[in-house]
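Shared between the two complexes below is subunit A, which pairs with subunit B and subunit C, respectively.
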Partner chain A sequence: MHTFLLFCKIVKYRFRSIIEYPGAFIGGLAAQWLAYGIEMMMLFLIVWNFGTLAGWVPEEVIFLYALWLLSYAIAASFTFNICRNFPQMAINGSLDEAFIRPMSPIVYLIATTYNLGYISHIMITTAALIFSISRLTVVWSVLNWFWLFLLIITGAVIQGCMMLICDMPALRTRSQSPTGMFFWDVNWWLIQYPISIYPRPVQLLFTSILPFGFIGFYPVQVLLGKQEGILPEITIWLSPVVAVMLIFITVLCWRGLTSRYESAGT
Partner chain B sequence: MSQINLSEVTKDYKIRIRNNNRSKIADFFRPQYDIKRAVDNVNFSVEPGEMVGYIGPNGAGKSTTIKMLTGILTPTGGQVSVFGRDPCRNRKKNALKMGVVFGQRSQLLWDLPVQDTFELFKTMYKMEQGIFTKQRDRLVEMLDMSGFIAQAVRQLSLGQRMRANLALCFLHQPEVVYLDEPTIGLDVLVKERIRDFLKQINKEQGTTILLTTHDTQDIEQIAERLILIDNGQLLFDGGRESFHKQYQGTEFMIEIEFVNPTAELVHKNFRTHKVEGNRHSYWVPYSKMGRGEAISYVANDHPVADIKVSELGLEDILKNIYAE
Partner chain C sequence: MVYSIKLYTQIIAKEAQRFFTYRVNILSGCLTALFMLGARYALWAALFAAGNAGQSSLAETMTYFVICDIIMIWLASSYGNTIGEDIRSGDIAQKLIKPCSYHLMLVSSFHATSMTSTLTRALPMFIIAVIFIGLLPPASVVTLFVFLLSVILGAVIYSLIDLIISYTAFWLTDYWCLSWFKRALFVLFGGLALPLWFYPGWLYEVCKYLPFQYTIYTPLAVYLGRIPSGQVVFSIALQLLWICILFLLERIIWMYAKHKMTVQGG
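Here is the complex of A and B:
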C-alpha cells in the first residue's frame, strides 16, 4: 500500500513538473489530437470503403484500434521515457539514484519518468471508444463492462511489459536496443488491425513469442462474440494470464540486466 | 558492532583495450578486454558516530567503495556489510537508514520548489508529520535555506542546490551518510557552512559520516579518522594526528627573521635551507630536537624579529603521496 501511495505521489509531482511549462504541454496535446484524429479518420475511411476487414466491420475495427491505442497510451505514459532513457542510464550512471531509494528501483524509475503527454492519446481514444461502443451491437452487461475494463488494464500491462523487455537490453548495450526498435515498429504498424488478416505463421508469432494478439485481438472477441484465431477458444480469455506472466518476465529481465550494472565515475 | 564492515573487498571492471596496431575490423568483431581492479582487498570497519575522511587521488577507488556500500555495485570478491546486512541484497532496508550525496548530482525535483522534494521524501521515508516538520525546520535553519526553500530548484545557485541536497540527505535522520565530494565547486563561505553543519549534526544526532573529498580543509575540519586509498589499495587507516605523524616527514623547518643581518647559524642539528641577509631557514630533524628547543636556541643567542616553524600540511603530504 505504501509503495502504491508513494508511486502516486511521485507521479503527482511529475505531473506538476510537466505543467510548469504550459505552452509546451498544450502545444503537444493539440499536435497529438490532430495527428491521431487524422490517423483514426483514415483508418475508418479505409475500412468503410473495403466494407469489412477479414470479417470485421468498421465499428469493430475502430473499437479494436481504440482499445489498442488506449492501452498503448496508458502503458507508454509510464514506460516510454524510461525505455528511451535506458542507454543514458547505463552510460552516465543515472541509474544509481534508483538503487539508493527505499523502494523497488524499477517502480521508482517508472514513476519518476511518467509522461503526461499521453493524456492526449487517452482523450482521443476514449472519444473513439465511446463512438464505437455506441455503434456496436453488443449487450453491455455488468460482466461485459468489467471485461472491457480488465482488457484495457491487461492490454496496458502487456504493452508496457513488452516495451520494457524489448528496450531493457540497452542497459547492457548502452545504445537503443534493436529489439526495442523492432517492438515499436511491429506494434505501430501491424497490431492495430485484427491479426487474422495475416498468414498463420505471423498469427502464431503474435500469439506466442510476441503476444501482441492478447492486447486486443483475442480479448475483444469475448465482447464481439467472435471466435477467430489459430488456437482453441480459451485463448480469448487468456489476456490476464499473459499480463501476469509478462510482469514476471520483466522483473527477471530487470534483475538479470542490472545485476552487472557498472555505474559511471562521479 | 561495527555499522560498516568491509572484509577483503575487491571490485574488478572489464575495460576494453584499444590497440592501435590491431585492425579496426578485428577490434569490432573480437574486442579485447582487460580486467582493472578498482578496489583491491580493502578491509576496514566504521563504528556508529564516526566521521571518516575517505581520501585518495582521482581513480583511487573511493566512489567505487561508496557505491558498494550503498548497494549500487556488487563486489567482485570479499564481503561488504552495512547495519550487519549485505547492502546489495538489502537495498530497500538499508536505504531507510542511510543518506547519500554524489557530488553535484541533484536529488531535487528540478522544476518544483525545494519544499516539494522534502514533502516527497517525507512519504518515501515514512516520516511522521511531527518529526518531519521539526527536522525540516531544523535543517532549513542550520543550512540557512529559508530564503530559497519555496523557490524552484532550477532557479537556485550551485551552492543553494548543494545545501538543499545535503538537507534532503539528512531529512529522514539516517544513521549513516555517504558524502562523495559534497563541497566540489562551492565557494569558501558555502563550504564553511557545510562543514559546520556536518560537525553539528554528527555531534547532535550521532550520524556516522563517510566523506570523500579532494578538499584538504574538509578533511582537516570534519574527519577525525582518515582512510587513504590509492590504486584500489588501502594505504592508511587511523586518526588524523597519526596520519600527520606517519607522513609529515622526518624534519620540520624553522624560518627566522633576525633584527640585524646575521651569519649562518652553526649547530649540529641545523641543516641550512636558505640564508639571505637577516632571513634564514633551516631543516631540523624531529628525532634530534624539539620545536621548542630549536626556537629557544635561536632566540637566546640572537635578537629575533620573527620566527616561524613549518610542518608539512595535509595538502603537501597528500601531494607527496599521490606523486609517488
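Here is the complex of A and C:
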C-alpha cells in the first residue's frame, strides 16, 4: 500500500511538470488523436471496401485494433520511457539511484519515467471501442463485460512484460537492444490484424515463443464467438495464464540482469 | 554554385559516414522494411481472397505499396524535428549566420540519410518484392520516364509541405507533434495507407483539391496506368502549379518565422 501511494505521488509530480507546458501537452494530444483516428478510419475503409478480412467484418477489425492499441497504451505508459532509457541509464549510471531509494528499484523506475502522453491513445481507443461495440452483434452480459476488462488488463500485462524482456538486455549491452527493436517492429506492423491472415508457421510463432496472439486475437474470439487459430480452442481462454507466466519471466530477467549490474557512471 | 555543390557533397559524405557507424540501426531498418512488406502482403492477400476487389488486382496493389514505401523511404525527411531541435538548442542562431544557406544544409543532410536508407532499406525490400511477390512493370519506357519526373516533382511538393509544417516550430515550445500531424495529413489525403481509387467518392473529391495526393498518388497512378495517357500532361502541370503555390507560401512563412525566432538555448 505504501509503495502504491508513493508511486501515485511520483506520478502526480510528473503530471504537474508536464502541465507546466499546456500548449505542448494539448498539441501532442491533438496530433495523436488525429494520427490514430485517421489510422483507424483507413483500416475501416480498407476492410469495408472488400467486405471482410479473413472472415472478420470492419467493426470486428476495428474492435481488435482498438483493443490492441488500448492495451499497448496502458502498457507503454508504464514501460515505454524506461525501455527507451535503459542504455542511457547503464551508460551514465542513473540506474544507480533506483537501487538506493526506499522502494523496489523497478517500481521506482516505472514511476519516475511514467508517460502521461498515452492518455491520448486511451481516449481515442475508448471512442473506437464505443463505436465498434455499438455495431457488433455481441450480447453484452456481465460475464462478457468482465472478460473484456480482463482481456484489456492481460493484453497490457503481456505487452508491458514483452517490452521489458526484449529491451532489458540493453542494461548489459549499453546500446539499444536488437531484441527490443524486433519487438517494436513486430508489435507495430504485424499484430494489429487478425493473425489468421499470416502463414501457419508465423501463427504458431505468435501462439508460442512470441505470444502476441494472446494480446487480442485469441481472447477477443470469446466475445465474438469465433474459434480461429492453429491450436485447440482452449487457446482463446489462455491469455490470463500467459500474462502471469510473462510476469514471472520478467522478474527473473530483471533479477538476472541487475544482480550482476556494474555502474559505469560517475 | 561550385562551392555549394562541393559543400553539398561533403555534407552527404559525412552524414553517410555517420549513418553507417550505427550498424544495428541499419539492420533494424532493413528488418522493419521487410516486416512492413510481409504485413502488407499478408493483409492484402487476405483481402483479395474475399473476392470483392472490383477493378483492382493484388499485383497492382502490391506494386503500388512497394513503390510507395520506396519513395517514402527516400523522402524520409523530418524537417520539423531538425528545425525544432535547432531552435530548442539554440543551434539555429549559429547555422543562420554561416556562409551557407540553412535550407541547403537541411536538404543535404536529409539527402544523405535518404540515399543511405534507400540502399539499406528500400533495396532489400525491392529485391524481396520482385522475387517473392512479383511487381508490375511500367507500361512503356515513356511511362517510366514520366513516372520518374512525377516522382521528382512529388518529392519537391513533399519537402515544401514538410517545411511549411515544420516552421510551426518557431511558434511552439515543443515540436515532436509536428511529424504526427504531417503523417496524418499524408495518410488521409495522400494515399499512403490506401490507394485513392478505394476511397469513397466524397473523400476522393476532397483529395483532388489538396496538394498531398500529388506527392505519392499521382506518380504511382502514372506508373500503373491509372491516369489515362491524355491526362498525364495535365497531372504534371498540376504538380508544377502546386510547386509554385507552395514555394510562394513557404517563402512568406519563412520570412515571418525568421522574425518570430526566439532562441532559448545556446
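Here is the rule we go by: the second predicted complex is superposed on the first by the 265 of 266 C-alpha atoms of A that agree within 3 Å, B and C clash if a C-alpha of one lies under 4 Å from a C-alpha of the other, contacts with A are read in each partner's own complex, and residues count from 1 in each chain.
Just so we're on the same page, a contact is a pair of C-beta atoms (placed from the backbone, for glycine too) under 8 Å apart; a residue touches a chain by one contact, two chains touch by 3 or more.
None of the values given here were measured: they were computed from a predicted structure.
Of the two partner chains placed around the shared chain by superposition, subunit C is the only one that A:47 touches, whereas subunit B remains out of contact. In the superposition on chain A, A:91 makes contact with neither subunit B nor subunit C.
Looking at the superposed arrangement, the partner reaching more residues of subunit A, out of subunit B and subunit C, is C.
Contacts of A:130 after superposition: neither subunit B nor subunit C is touched. Applying the stated contact rule after C-alpha superposition, one finds that A:30 touches subunit C and leaves subunit B untouched. When the two complexes are overlaid on their common chain A, residue A:5 makes contact with subunit B while staying clear of subunit C.
Within the superposed three-chain model, A:176 lies in touch with subunit C and out of touch with subunit B [touch as defined at top]. Comparing the two complexes, residues 21 of subunit A contact subunit B in one case and subunit C in the other. Every residue of subunit A that touches subunit B in the complex is listed here, in rising order: 2, 5-6, 9-10, 13, 16-17, 20-21, 94, 96-97, 99-105, 259-263, 265-266.
Those residues of subunit C that touch subunit A in the shared complex are 24-25, 27-28, 31-32, 35-36, 38-39, 42-43, 45-50, 52-53, 172-174, 176-178, 180-181, 183-184, 187-188, 193-194, 198-200. Residues 13, 59, 63, 67, 70-74, 91-93, 95-96, 98, 100, 102-103, 105, 107, 109-112, 116, 120, 123-126, 152, 180-181 of subunit B touch subunit A in their complex.
Here subunit A touches subunit C in the complex through residues 21, 23-24, 27-28, 30-32, 34-35, 37-39, 41-43, 45-47, 49-54, 175-176, 178, 181-182, 185-186, 189-190, 193, 197-199, going by the rule given at the top.
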